[in-house]
Amino acid sequence: MCGIFGIHGHPNASSLAFLGLWALQHRGQESAGIVASDGDRVSHKLGMGLASEVFTGNALKTLTGNLAIGHVRYSTTGSSTLRNAQPFLVRWQKGYLAIAHNGNLVNSFSLREQLEKEGTIFQSTMDSEVIVHLIARSKEKEVEGKITDALSRIKGAYSLVILTGNKIIAVRDPHGFRPLSLGDLGGAPVVASESCAFDLIGAKFTREIEPGEMVVINRAGVTSHYPFKKVKPSFCIFEFIYFARPDSWIFGGSVYLTRKKLGECLYEESPSQVDSVVPIPDSGNYAALGYAQKGGIPFELAVIRNHYVGRTFIQPSQSIRDLGVKIKLNPCRYILKEKKIAVVEDSIVRGTTSRVRMKNLRAAGAKEIHLRVSCPPHRFPCFYGIDFPNPKELAANVMGIEGIRKFLGLDSLSYLSLQGMLSAMPQNGQNFCTACFTGKLPCKVRGTNR
Amino acid sequence: MCGIFGIHGHPNASSLAFLGLWALQHRGQESAGIVASDGDRVSHKLGMGLASEVFTGNALKTLTGNLAIGHVRYSTTGSSTLRNAQPFLVRWQKGYLAIAHNGNLVNSFSLREQLEKEGTIFQSTMDSEVIVHLIARSKEKEVEGKITDALSRIKGAYSLVILTGNKIIAVRDPHGFRPLSLGDLGGAPVVASESCAFDLIGAKFTREIEPGEMVVINRAGVTSHYPFKKVKPSFCIFEFIYFARPDSWIFGGSVYLTRKKLGECLYEESPSQVDSVVPIPDSGNYAALGYAQKGGIPFELAVIRNHYVGRTFIQPSQSIRDLGVKIKLNPCRYILKEKKIAVVEDSIVRGTTSRVRMKNLRAAGAKEIHLRVSCPPHRFPCFYGIDFPNPKELAANVMGIEGIRKFLGLDSLSYLSLQGMLSAMPQNGQNFCTACFTGKLPCKVRGTNR
Amino acid sequence: MCGIFGIHGHPNASSLAFLGLWALQHRGQESAGIVASDGDRVSHKLGMGLASEVFTGNALKTLTGNLAIGHVRYSTTGSSTLRNAQPFLVRWQKGYLAIAHNGNLVNSFSLREQLEKEGTIFQSTMDSEVIVHLIARSKEKEVEGKITDALSRIKGAYSLVILTGNKIIAVRDPHGFRPLSLGDLGGAPVVASESCAFDLIGAKFTREIEPGEMVVINRAGVTSHYPFKKVKPSFCIFEFIYFARPDSWIFGGSVYLTRKKLGECLYEESPSQVDSVVPIPDSGNYAALGYAQKGGIPFELAVIRNHYVGRTFIQPSQSIRDLGVKIKLNPCRYILKEKKIAVVEDSIVRGTTSRVRMKNLRAAGAKEIHLRVSCPPHRFPCFYGIDFPNPKELAANVMGIEGIRKFLGLDSLSYLSLQGMLSAMPQNGQNFCTACFTGKLPCKVRGTNR
Amino acid sequence: MCGIFGIHGHPNASSLAFLGLWALQHRGQESAGIVASDGDRVSHKLGMGLASEVFTGNALKTLTGNLAIGHVRYSTTGSSTLRNAQPFLVRWQKGYLAIAHNGNLVNSFSLREQLEKEGTIFQSTMDSEVIVHLIARSKEKEVEGKITDALSRIKGAYSLVILTGNKIIAVRDPHGFRPLSLGDLGGAPVVASESCAFDLIGAKFTREIEPGEMVVINRAGVTSHYPFKKVKPSFCIFEFIYFARPDSWIFGGSVYLTRKKLGECLYEESPSQVDSVVPIPDSGNYAALGYAQKGGIPFELAVIRNHYVGRTFIQPSQSIRDLGVKIKLNPCRYILKEKKIAVVEDSIVRGTTSRVRMKNLRAAGAKEIHLRVSCPPHRFPCFYGIDFPNPKELAANVMGIEGIRKFLGLDSLSYLSLQGMLSAMPQNGQNFCTACFTGKLPCKVRGTNR
């Protein structure tokens, strides 16, 4: 996963891009970068770590010009180097071109092989470099044509922001796997992965960019194009379950309200007789609120989060870990003692983290624990940009639902049904990609990408 | 404010001290330090910043021995240097002595002047250095006697952990202004400002150290002394209102439950006809829960906290700030639009921060805002360790309650009454220091400390 | 200027590359980099600053494999970024390819333009990236053929070390502008810009790589090829005057002995009646020794060098500089007082630095100063890799020789004649490029490079 | 060893102190510090490493006021911590007091014990803290009297610069072990360990401060006091042999000329029939020049020094070291091949470093090596501030002179005689401490200082 941002025609473009990235930081913490330009000269800064770690001191002052795009990158195994930080910036026939990409191509391996045969060199292992080569080698005359030409050869998930000359071009793939929105800050057009970035900088949320839409922003304003054949949408449902920020609007709905709805459906499918409903913060908070309100059960923030877990935190040694150290979350025993509780989580992946949490809740005195998960069990991989573990390691595949219940030491365990989940969505459930739950792929995956 | 920690007789003493400090990090973010010893050789590391920033890499490996004490320091103006980081470590006639201090002396200025006249040199501006000189110059023979001798000359608030030779000595001043507790980790005695530090490291909470009590820990075990004349307790009520962690037990009660109780009393005194109750996270969460549950009103976590605000975060320039940038907290407009809400805060100090928050809530669509504060208005300074602004800058003194309501643009504003606050306490309200609300000082303040 | 290094078939390849770069550090201090490989997997580290600043901590441990090449880069204006650090590493049809380049192309601008038209993207402003694109796009089948094909299209100065697959290929341009030598470390072939790198790592100096020669090193051993048409050599004479290290052997001779010979010729052409000969350390030391020995005049190291001038040294403010601060060199007044001295410098460029030095010598008491320069006056630019200032700023063009004498406040000033300089060379003077003195270019310069 | 500096009444005091320390950097590279004041407010910065590493960025801008003192500290085993960095700054009855100390006390252990018994606490292991406590506890009224009182109780070597209020006080112990000089920068008095610091900042060298002299500098000017009983001087002869910079004037003479004289005496005592005289740079350069000139033998700088050996340099692993890596010094084989040479060193301590050097000279082709050392063999420890190894490890004690010759693989080895060394001194040889050669102590050593 990644977060992307662009702004056109604002005197503080790079500072606003920094704030935009910072609002999108939950979408990627591995690296951050900004490319700024006045339409002619270009400057950039990329670095490993959080946006606030990369853009320190006077870093933003050197990023001048009233156009800027930015990118935050999620940590995925094997490729964690500065070379793979984005935006990816190159010189080409039309001056410079920078690209910020959220998503995952499914045919990049074969494209790469083909390009190398034709004498192309690569400096990164990013899908995005493939896109840039395809753009540069297109025979079309104009940038827009070259981009359309290039994108018509690729398959998979992409939300892109491209900066070249004095244009910013934003594109969302025909399936619309990843979100992308358009906003406005006092006349300066803004694009961002999620609408929460607009809130942070005081911009107005205009609308979502549609699947298959290409938005071209230049001094004359914003124009919209639909260069690709229309296909059925495949919005990533996991953005609603877990990934997006609760204060964002994506795929036609509020994330906060959708999560509450998931919790309400969960209560309807799997009620519980408990003293209180306890969320695992922060991602479980909203479904838990929905569950509690629907059930008329007291809601308690009984698991306290430590806000000082930084990048440099030293992991305690095994001998200390065995003492039962509670690094991030501490259950408050004075609320839990002798109590029956329903715990709401947004997902169980391997199950190991959940196990520690449940054990700590027991140690804090909980008498009964009824775990409720606000989506169906995860059983399949994602080819479109979410970094799940190998399916063989997913708890639902390893031990089955009853196995998980025992492994976690629960009094009861229920998942939301697929139907329940789809019914909580703010639009037709058929428009969502549920491949990680069902294994049904919305578009063909050719070749393998490493 | 500060947080202190000590552990005696554990092979991982310094690692556990680090974890303890990390659990107490909310009590001070300016500097962190640990002194470790095997009873003979001593090692230390102090640094500016969070514990996780100071103890990086192999820092803990050099802190050997099975005794350790630690300290985190709150940022106060004018003295933010490494020299004032604690624990304060010196060599003296009995080898080494290290001290970690939470609190504020009220007669340190005159003591310091007296000591300097006698030929004493000072290397810091900390009260704690005065205490150490008094200990070293005492004519008593034993360490315990020297400490009692020294403390009998000082007035004010102190919770202390002292490491010297193979002893750890913990003392709480006769008024008991600051909390201090005793725990046990598999036979190793532990002391900490708050019980949440015991939870984190998997230790058991034994009991609070009493006002005026001196606990001496050596290889033979834990012994308790009461060397001072008994006086009426003066527990800092602001620990319950705001400062302590919700999962801690202090002054005879659970912080979480006491805050909920404050919220319940607040509803009883000042109910409201609203669609939902919204806390300002995280400190307002628990009183808001009490308020909502008492009133049977839906609770909504409608203000979203950004978790990536780090130490190195670049403040946006004024021109950007004017755009209405929401650095830490973003109200979720999809929950607030056209709604009447009760907002629960734990305190209003200058009022400027609250004003921005209320403005943002309005901008997100809230139709009516009824602010409820879970304590009385702040009007007086604190001489015992809490760093309030000058009374002339406190909102309640500057503009009065109705003035605050207008300044914040509220539909209604209510504070909890003094009586209501005291009734929510887990023990006799007369045992608390309420000087910041009432101006009544529990012990004489002589001289001025700069 | 730059320094390059390569080693094939040694278990400590990257450590030896680091030491090699460190011996070549005088050839470039802007950035340093190493690419290592086991013939299959490749790793690299590039950084700004000295080799000893880039390769700290465990940096070398991650550079595994028994093949390695390295590069140190000279600071030139306008392009001082990590993007321009070398070796330049890419992925291509045959896996990976890394290149380290010393020299300057004269037709890179037109080649770049042509490549961009064909759809090529560029990520740096280095000449070396042009070479790599030409190699990748060649229709030849084998790597050696592709490299020959590419190099036949470029003009200018290049000594190259290329690492691809399990081969290291070293090439020197047909004119042989820059030095490049072949050595052997216990059977492992080594290449380096100067033989001093062999001394440092304990390798044997085998021979210089010849102008126009391509040396291919693989597991089978070292083979030599001459794929280019033979032309008259044009060795850079400034390497002997100033650039190369005194303990190196280049262009058929010892740098130390050649510099002494320059000093001897200088005495023969321009003797002086003085008490002692004083070099400007360190580069003037050897010509000064030759001058003193030829003249039978005492040699005195009367200008003392401060060894602690680091990268982080804070330049004193103008008000302090006016006091006559002597940052790098301090004349020893007890040797100079009332003395007539001959000072030997290797060159005068703008004249401003020399002026400060002469002023300081006067202030230290020198009665007469006779400056002797061990080469003719610089009047022209260099197109082959040496970064001289604009010819309009060169002292000899600005004020003429007599003007320089007055500007520097000298009793006499003499330069070595062109004929004298050539006669001091260890081989036929016609084989040297003297363009910076004479303006005669050994190969056509087409287009401009920025 | 250490270097100390002070300046009074200059608007750029701290910048000049930085430059002064930088000129004295050869006297200590472990830590550096500056204390600056306007006579009232005081600021300081101390750090580990070189002055240029400690005073980076805006560090000097925060050190305001027209008084400043500074200190560089030599690395000695066991106490390398920031706590022992100087100047040592404290608050006392008269405001603040800072002290910079070069030398070693011989009775600090017993004084420390006495002070601790009286209730004094210590924060460092430095002798200098003992001095400060004695000053603070003196019953004298004025600062000068307190300092005299304190110093009359200590024994050993000390050159001190003290900053308190608006005074700088410089004192040299009665024996005058360590150098200390007085200078003038446009009316602002300056003190420094060596006169080279005056050269660097453009100040005039006024005179040496005499043994037993106390110089008091305030706004009224410079006054001189002789509060101690006069004793026979004991100037450290090793300052002339090795420690001081060649461009300094100390103990009544030029270091450069004295070293040349040592070389001349060495040739008279131990001539050699060789092709050239080769110094080990840089410290052997000047004695080698004297030796060569006296003998009429060509002088060659045949050992080339690498200037890029920084603090962060990674030591090669043993497997690489065995290859014969030449980290700092590389002999130039083109000068040495088949040659008979006399090598001049300033001292042989353990002999291990010399052995590597001689081996490298042989490997570079030297046919005969005649080593000449410009002082007698070291056999005894130093109690006054020079950090020699344990006498049991000194080569002269371990293997005797003939043993050293064989160990180093020399054709001949000669040391300068004690008489020869003393005759080269610029004043009566009886005024020098030669304890490291003869074992005769100039003042009693009581107790041990760890």
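Order of writing sets the labels: A, B, C and D. Residues in every chain begin at 1.
Everything below uses one rule, namely that a contact is a pair of C-beta atoms (placed from the backbone, for glycine too) under 8 Å apart; a residue touches a chain by one contact, two chains touch by 3 or more.
Nothing here was measured: the structure is a model prediction, and the numbers come from that model.
*Asks:* Which integer distance in Å separates the CA centroid of chain C from that of chain D?
*Replies:* Going by mean C-alpha positions, chain C sits 37 Å from chain D.
*Asks:* Calculate how many whole Å lie between the centre of chain A and the centre of chain C, each centre taken as the average of the chain's C-alpha atoms.
*Replies:* Each chain reduced to its C-alpha mean, chain A and chain C end up 50 Å apart.
*Asks:* Of all the residues in chain A, which ones touch at least 2 other chains?
*Replies:* If we look for residues of chain A contacting two or more partner chains, we find none.
*Asks:* If each chain is a dot and touching chains are joined, what shape do you get: line, ring, star, complete or other?
*Replies:* Drawn as a graph, the chains make one closed cycle, so a ring.
*Asks:* Would you please name all pairs of chains that touch?
*Replies:* Listed by label, chains in contact pair as A-B, A-C, B-D, C-D.
*Asks:* Help me check something: in the complex, which residues belonging to chain B touch chain A?
*Replies:* Residues 11-12, 15-16, 18-19, 22-23, 25-26, 29, 50-53, 55-56, 59-60, 185-186, 196, 199-202, 245-247, 249, 254, 256-257, 282, 285-286, 289, 293, 298-302, 304-310, 312-314, 316-317, 319-320, 323-327, 330-335 of chain B touch chain A in their complex.
*Asks:* Which stretch or stretches of chain A touch chain C in the complex?
*Replies:* 89-93, 97, 116-117, 119-123, 125, 132-133, 136-138
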